[in-house]
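Read the structure below first, then the notes.
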Amino acid sequence: MVYTVEIHEKPELNNPILIEGLPGIGFVANIAALHLINELKAKRFAEIVSGSFQDFAATTKDGRINSPLNELYYHRRGEGKRDLIIWYGNSQALTTFGQYELCGKVLDIVEELGCRTVISIGGFKKDEVQPVPGIYTAATDEETVKEALDLGTKIMVGHIFGIAGLLIGMGRLRNLNGFALLVDTLGMYPDANATRYALAALGKYLDLEVDVSKLDAAAETTKKVLESFGLVRNIVEEKKKEEDQLRWFI
Amino acid sequence: MVYTVEIHEKPELNNPILIEGLPGIGFVANIAALHLINELKAKRFAEIVSGSFQDFAATTKDGRINSPLNELYYHRRGEGKRDLIIWYGNSQALTTFGQYELCGKVLDIVEELGCRTVISIGGFKKDEVQPVPGIYTAATDEETVKEALDLGTKIMVGHIFGIAGLLIGMGRLRNLNGFALLVDTLGMYPDANATRYALAALGKYLDLEVDVSKLDAAAETTKKVLESFGLVRNIVEEKKKEEDQLRWFI
Amino acid sequence: MVYTVEIHEKPELNNPILIEGLPGIGFVANIAALHLINELKAKRFAEIVSGSFQDFAATTKDGRINSPLNELYYHRRGEGKRDLIIWYGNSQALTTFGQYELCGKVLDIVEELGCRTVISIGGFKKDEVQPVPGIYTAATDEETVKEALDLGTKIMVGHIFGIAGLLIGMGRLRNLNGFALLVDTLGMYPDANATRYALAALGKYLDLEVDVSKLDAAAETTKKVLESFGLVRNIVEEKKKEEDQLRWFI
Amino acid sequence: MVYTVEIHEKPELNNPILIEGLPGIGFVANIAALHLINELKAKRFAEIVSGSFQDFAATTKDGRINSPLNELYYHRRGEGKRDLIIWYGNSQALTTFGQYELCGKVLDIVEELGCRTVISIGGFKKDEVQPVPGIYTAATDEETVKEALDLGTKIMVGHIFGIAGLLIGMGRLRNLNGFALLVDTLGMYPDANATRYALAALGKYLDLEVDVSKLDAAAETTKKVLESFGLVRNIVEEKKKEEDQLRWFI
């Protein structure tokens, strides 16, 4: 399949934990990952382009190209604490098959760096959400279920779609441990409040103090990426149609 | 393509026979395979994940992840009898192409273990079914047709879809012998009665006494897996749609 | 991609010509190929299964499995005449991509046997057809166009779909020469009359006398394969739908 | 995946620039590339066929086959000037995945020849276009944005679809620099006027005088290729449907 993987550095890491932060429901994972990268000054070490991403380029206000991309960052914590790998990006894959492939590729990279624990974050779409949203979990094994419940989560009932579910499922098969953190959200906009609760649970697990005072800024940036990639959504579809028609004339 | 194959053990087997038991019409094969695994205390030696499975994770009641997965089990019978390999799973592949790939991958594994005979089990959907359901067969070669007819089956007329058909067709091309066992079923629920007749015919072929007193338990377990994977079917489709829409906003 | 290619023999051939005979409009190529194989007692040397074929098995009247399959036959002619390779099968690939792949795979095999000339046969669908149907051609190069026109053909205007077009196009890129023979046909049934004219033109090119007295038998056999593979077409589609629904319950 | 790449020559080139000229909106890139190839007497050195192109062959007036194809040409300029590689063809890929693959394949080839700069040309569809059309740009990096703006372009706002966008996006990831030139066009026919302005901006960047007196001839040739490949568009779709139906009968 078509993959371009640029690995700029193979960092030595202490028993690292992978935190998945791709765009999804409520953009909870995406905001959380961006915020962590900013707060922790995490360092980008890998870029991944998949042939299953959308085939277009968005533009930035200053004329640069912004393509569908996934990135991996690392953060060393010292003091014997476990290091972090953060999986950030502006796209999931368009197809089921592409999702499996993307997830497998990232697991290949992080396993080589010694990663044995994976955490995925997501929104759990609800029609109504309380100010203190519910947090749900599902994990690779009994012991990790317990650890995740100790963070104040409840057991998830149902399905976990996309990369958030695949990562835990594929992780389990590869004998990694890990869990998903899913927060109640209306799901239609970048949900800073849901992200705050996701980060609180995550911070407790990681023994990591996360300053959330700039969380709204991360949500705002996420919204801007949205605008550049997707608020033109209808235009995309219409242009696509036109282009498809034109292809017939070629 | 994307495959994760974990082979935990390469067992030495005596001229083994592959029995296919993936979910399909009436879940006949799936119940039969699960029952055999339980009764024979068959040992799991391989796990297979395909990028053509669905890209989600289901959850169990106690918070663990249950992903689309295929598994291979073996059972040694001793006394000069042929050993068994059982192909069990909670999913077939989503695409035609994925089905070919999955079937080819499993054949690669079992052929390396010396397997030269394959049996697929399935339901044959009928609008009405007699208490003693009809059993149909089709085989790789004339001699195997005879052997299968000797089990009290009739010749199948029509098409055999999915893995049940592919396995016999691909087996034939690889010079294996084998046959399909297809039992009349209404097809809409896990059909323990149809499975009983499939196991009876199979047992006769294998010279294997199968205690079917716990067959209802296997059907019940199969039904529970169904519930976790699919009774939320409409929710799946609706969520998928929402998620797809959201992707446009990324 | 998923390919199972069984090459039983690598025959030494004298400057062989590939004749394509897969099912298509009017089944002209398919009948012609089958008839040539029978008349020339051509010998099968390769079998090809593609993951882009349909994922089912049809059954024969006597209980054997009949799967989607492509085959290659050879016929040695002696007397300094060029030998023949005949590409026969019951299926083209389901997808555009699969068609390219299948065609490339066959070209790989025959080029290794020294083949530098390819001929594809096809029907040219018309609403009305004269008793003596028109024959059209298109070729890889100017000289071959002339040779094909000398057979009594006219220049094809328009598109040649499927393997019949791909073979000549991909052949050209690989610096092979060759041409397509397309005969007027109503296209909805195995057209023995159109095939007769295709074989006449082909025979002239090959300096090969083909006894067409048994051509109706070849058309009849082709029709039977049709019946086993496709007259159950609506049943196929309905069953497929049911099965797809069932998959959701797994 | 299925690729046939014929590289006839690996030319030694002086810091070459890739100019993309595949068919797209207004066929601006396609006309520009054909015109440059003619004017500069550029030499073809590579041909590429992708399994993601359409699976048919068109015919020429004189009976030859004209298949979906991409080609690479080079032009040496001497006098210390940077050489050119021109990417011409009659097709983009049919699928998102195929587009990524095609673009990656071409980048592999040209990077091996020392290419570090890529330019894509395109039409920017408008409902109304001024006699002097607007030209827009987006680039891989800040410095290249400046260079492109110096050509009299404005910053593109929105998405760049197909190969024109992918090339710049994938180029950026591979640390190439480059930009897109997008000219206002109604988009429904080969737009010689838009192409004239694209070539003017391109010529300024390349320090290349392009005689555009024969531009209408290039537009006319492009239109003829259109006619052979696509004015029969509805026929294609109808035939395709018929053929698909027939496949069921095989």
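In order of appearance the chains are A, B, C and D, and numbering begins at 1 in each one.
Note that a residue touches a chain if its C-beta (ideal position, glycine included) is under 8 Å from a C-beta of that chain, and two chains touch if they have at least 3 such contacts.
In this text the structure is predicted, and so the values were computed from the model without any measurement.
Fewest steps needed to get from chain A to chain D, stepping only to touching chains, is 1. Under half of the residue numbers found at the chain B and chain C interface occur in both copies, marking it as a different-residue contact. Mean C-alpha positions place chain B and chain D at a centre distance of 49 Å. In this assembly, the C-alpha centroid of chain C lies 35 Å from the C-alpha centroid of chain D. The residues of chain D that reach two or more other chains are 1, 94, 236, listed in rising order. Taken chain by chain, the contacts form a single closed ring in which each chain touches exactly two others.
Here chain C touches chain D in the complex through residues 1, 23-25, 27, 30, 90-92, 94, 96-97, 99-101, 104, 125, 137-142, 145, 148-149, 155-162, 165-166, 168-170, 172-174, 180, 187-188, 225-226, 229-231, 233, 236, going by the rule given at the top.
Only residues 1-2, 4, 6, 47, 49-59, 61-65, 67-69, 94-95, 98, 232, 235-236, 239-240, 242-243, 246-250 of chain C touch chain B when the two sit together in their complex.
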